[in-house]
Amino acid sequence: MSARPSPFALASFALLASAALFPVLTPNPYYLGVMALAFVGALSALGLNLVAGYAGQLNLAHAGFVAIGAYTVGILTVDHGVPFWIAFALAGVVSAAAGAAVGLVSLRLRGDTFAIFTLCVGFILYLGIEKWDGLTRGVVGLMDIPAPPGIGPVSFATDRGQYYLALGVLAVGVWLMRRITASLVGRSFLAIRNGEALAQALGLNPMRTKLTAFVISTFYAGIAGALYAGQVRFLGPDIARETRTFDALIFAVVGGMGTLLGPVVGAVGMSWAIQALQGLQDYRMVVFGPLLVLCIMFFPAGIVGALEARFARRRAALAEKRLAEAAPVPGAAPRGSHA
Amino acid sequence: MLTLDEVCLDYGAFRALDRLSLAAAEGALVVLLGANGAGKSSIFRAVSGLHRLAAGRISLGGRDLAGVSPAGVVRAGLVHCPEGRMLFPAMTVEKNVRLGAYVHRRDRAGVKRGLDEVMAMFPVLAEKRHQPAGSLSGGQQQMVALGRALMGRPKVLLLDEPSLGLAPLVVRQMFDAVAAVNRRGTTVLLAEQNAHAALGIASHAYVVEGGRIVLDGPPDALRNDDRVRRAYLGG
Amino acid sequence: MRAAARGRDVLFFQQVLNGLTIGCVYALVALGLTLVYGILRIPNFAHGALYTVGAYAAFALIGRLGANFWLALAGAAAVSAGLAVLSERLVFARLRAAPPLHDMIAAIALLLFFEAGVQAVFGAGFFRIAPLFPQILRFAGLTAPAQRILIVGAAFALMAGLHLFLDRTWTGATIVASAQNRTGAALVGIDADRVSMLTFAISGALAAVAAVLFAPIALLSPAMGELVITKAFVIIILGGMGSVAGAIAGGLVIGFAESFGAFYVSTDFKDIIAFGLLTLILSVRPQGLFGRIAR
Amino acid sequence: MLEVRGLTKRFGGLVAMRGVDAAFPPGKISAVIGPNGAGKTTFFNLVSGTYAPTAGRVLLGGRDVTGLRADAMARLGVARTFQATALFDGASVRDNLIIGHRLRTRATLWDALVGSRRLAAEERACRDKAEAVLDLVGLSRIGHRLAGGITQEERKRVAFALALATEPRILLADEPAGGVNPGETAGLAELMRRIVASGVTLCLIEHKMDMVMRLADHVVVLDHGERIAAGTPAEIRADPRVIESYLGVDAAGMPP
């Protein structure tokens, strides 16, 4: 409505523009691969952030749903010859359906019990993939998943193509997530996080609200998995492990839980940090573990959260000033001076 | 014995106690009257170290209690028997009472003697000593709470609404017990909504309103005071 | 005919012993978890890492310093207890006022850190600790590896000891009291910080002992704690979060369910049994078996 | 009009509420009072659907609504405030209020995804509502402030505004003036009169007795989970059972 673009729009545009130019500036295919994987991580973290950051339900089975999406693509394309893009779309649907089933049971539990229970669900999913040889090929893994075929003149066979595909899907994901979180639906999620009793007294159905968040988040997980399958083209049960959930959680926390761009900033930033600590690849948590602890203790809002808080304060101060100039009330003491 | 000097206490933005001063002489039984939310419990929380003061001084027998932990306050001889009792519901009655002597645990004979005294004081507790405290009636739970507090050998005892939710007969028993404890030399600070019953055993009384003392004096003077009445019925 | 029946009996006994062994290990891990839950009111996801660290500490003490089994056991308990106390002091005690989500994320972060630390020092490979008693005991036609008997015996001794400690000593009572009413405990003069540290130390030591006892049967790997801790969570949800008796009973139930499930159903799916049981029960009763979950 | 008959609640073996009858006359201010632990909050929880009663009935405009959940009750026009209101501290007061009107809107996830016109219209309606209730509770001037930076008294007003945004017929307020100083209490009393004047029936739990006696048209007294008196403030003040339960003249058998 207002002529001036919001800080969010500016930030998104800047991020998107630099991401689009990145392959031009750095044609190194290895870096493109790193970034493409970071985008997949961002998409997954975006989903986890919706249910944990906005709705306040820490779903520790998240990687399991990413795996469901990935395996949906892998199994359908490899074993059943289903075209990639159909499998891609189905991946989100299958994950969301599984999310609905799990959510119906688990969301009746509160807080810590919910987290523990979903941790167990994550294990069931992981063990299921590992043991169900007939469907998933178990520990051997699914190989030779086809690359995403081109759409019209656009090809996704090259590193650059993969990069732009991931970027495109992520951009759409962020855009839709923005629509959700900024809407009345998204506000309901926040209300639940702030307190279920109050939210319910305001007429929100807690179960339905939480389930909606859970299903959307698992849909994002499924799409992230599908992208991953087309990118890496090999799947093993390890992608369902809880460590993958923790990766997504770290992205969200460092970037800012409960903020829209937080997971994206966190995923890209942390992926490059991991690259910088290449030698530590397997032991990266030796560094990131304490980092996460420090972050949650001293910087719980994350990068984007801290920026948003600053913007919000400035906006409030500006409005204050404008109000004071517009209608000075004689003798009105400034309120809030008690603090 | 116990003095509060210009004490302030905040819960976030809310000032629960506002430059409140009061004193309890050695051996006194001082009653704090006031409606729900007037600040009586806040006074106790401040004294027993559960909540930090925003300003002011509290001293016990000349010793400054500022910044002393709840455990330190107990060791200094001041025991707080809280509103809502705060028992250990799954532990037996006997263990609840015995834990009151935690700071004196090395004095085994003394602990044993104290336990016997409490059981003699409340025979019904002796009967139920091996039952979980959570299974007792409200009145019996209050006895456990009082017994547990006495095990800490208080020089000053803070009692927060011991009659809360109790039947009249039990309330009377409770007040008899409090009066008896006081007669044996323990200074008692008693917060009550049951004004007349409390004034019946008090040596001095304060009326608390909005986190301040609005009135104080000997019980007889307060008993028929309009402001006492107003504190409860808003009349 | 008789020989076949006899064979079945022997196999049945074998499953009982297996269930008992693994159940004891689970119970020891769940005990520490449930004690910490009572004090902290959050699930300590890092607890499984204390189990792993304990096993590796013993492995290092035996392999690099030539310590004997018992010394290694004590050393492992001390290391895990120390790490538990450090995480309480440095992290959880400072997050007391934060939302529960933050505590849980911090616990997860600690878990990742400890696991990666083990991997950085020892590598990702598998190791084994030699059993203290490698012999097989024979009795009335039944056979039992001595190490399993040792696990069961030691676990029951520890549980009995812990019970006596909590039930009969002043220090033990401070833990029980703080779990039931924190403010009430403070008002009788119990130092909350001391209780927290003590509880974490006990939980770490119990996890390490369970890990070291079990290590000769299982293998050491950086991820060895994950499955155990997850099952310990199942156990304390089923047995009641914060309940000591529930942790022991739940541990044994899950142990038996797994051992018989592996035998009569399929070894492949034995690890799913505990989770399946949990899902089933929570679908029917969201408040858990003992109704203390939906607080 | 809201009415309860024989309302009873047991928790395990404990009877928290026993056979309470009460009616809240429309367009008036009712108050529920009683000593600590008398069961006042339990009463609110039962009436608003947070707990289902063990026995007894809740009637709303003659319709039996016993056992409906809190969200369903809110949609039927029974709103409530809590002693402490958790707000989203990082957002403005105005933004915090938008959710209060959500129950009167119908936009779904689909509307959000496609950015439908209905959603836009409803979001505008929610903003307008937020503005209207801000004005009603007298907070228009601080609507832009971050919720984390407002005073206790302003929080109490925001709690009213949130509840009012649901367009209630009846508003249950739990300690609306708890934790604010006497001067601010008078302002909140004034606000409550304004709310009733706008056509909402008000029922409050309050400990500030002088305020209750001056404000309420009708008072219900609870003690030990039972109703021991009901009537006008003057009747209540003269009721021997009420005096007894508060002042304990003869209850404890103490010498006068």
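In this document, chain identifiers A, B, C and D correspond to the written order of the chains, with residue numbering beginning at 1 in each.
As a working rule, a contact is a pair of C-beta atoms (placed from the backbone, for glycine too) under 8 Å apart; a residue touches a chain by one contact, two chains touch by 3 or more.
To keep track of the chains, here are their UniProt names: B, D = ABC transporter ATP-binding protein; C = Branched-chain amino acid ABC transporter permease.
Since the structure is predicted, the reported quantities are computational estimates derived from the model, not experimental observations.
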Of B-C and A-C, pair with higher C-beta contact tally: A-C
Relative to subunit D, chain with the most remote C-alpha centre: C
Chain centre separation (subunit A, subunit C; CA means) in Å: 33
Centroid distance [mean C-alpha coordinates] between subunit D and subunit C, Å: 47
Averaged-CA centre spacing for the pair subunit C and subunit B, given as whole angstrom: 42
Between subunit A and subunit B, centroid-to-centroid distance (C-alpha), Å: 53
Residue list for subunit A, restricted to those that touch at least two other chains: 338-339
Contacts with two or more other chains, residues of subunit C listed in rising order: none
For subunit D, residues contacting two or more additional chains: 151
Partner subunit C, residues of subunit B touching it in the complex: 48, 50, 69-71, 74-75, 79-82, 85-91, 95, 99-100, 102-103, 105, 148, 151-152
Contacting residues of subunit C [partner subunit A, same complex]: 41-43, 45, 91, 94-95, 98, 100-102, 104-106, 108-117, 119-120, 124, 226-227, 230, 233-234, 237, 241, 268-269, 271-272, 274-276, 278-279, 282-283, 286, 288, 293-295
Of all residues in subunit D, those that touch subunit B in their complex: 35-38, 151-152, 175, 178-182, 207-214, 224, 233, 236-237, 242-243, 246-249, 251-256
Subunit B partner contacts - residues on subunit C that touch it in the complex: 170, 173-174, 176-177, 180-181, 183-191
Contact footprint of subunit C on subunit A as seen in their complex: 52, 56, 58, 105-106, 108-113, 115-117, 119-121, 123-124, 127-128, 131, 242-243, 246, 249-250, 253, 257, 282-286, 288-290, 292-293, 296-297, 300
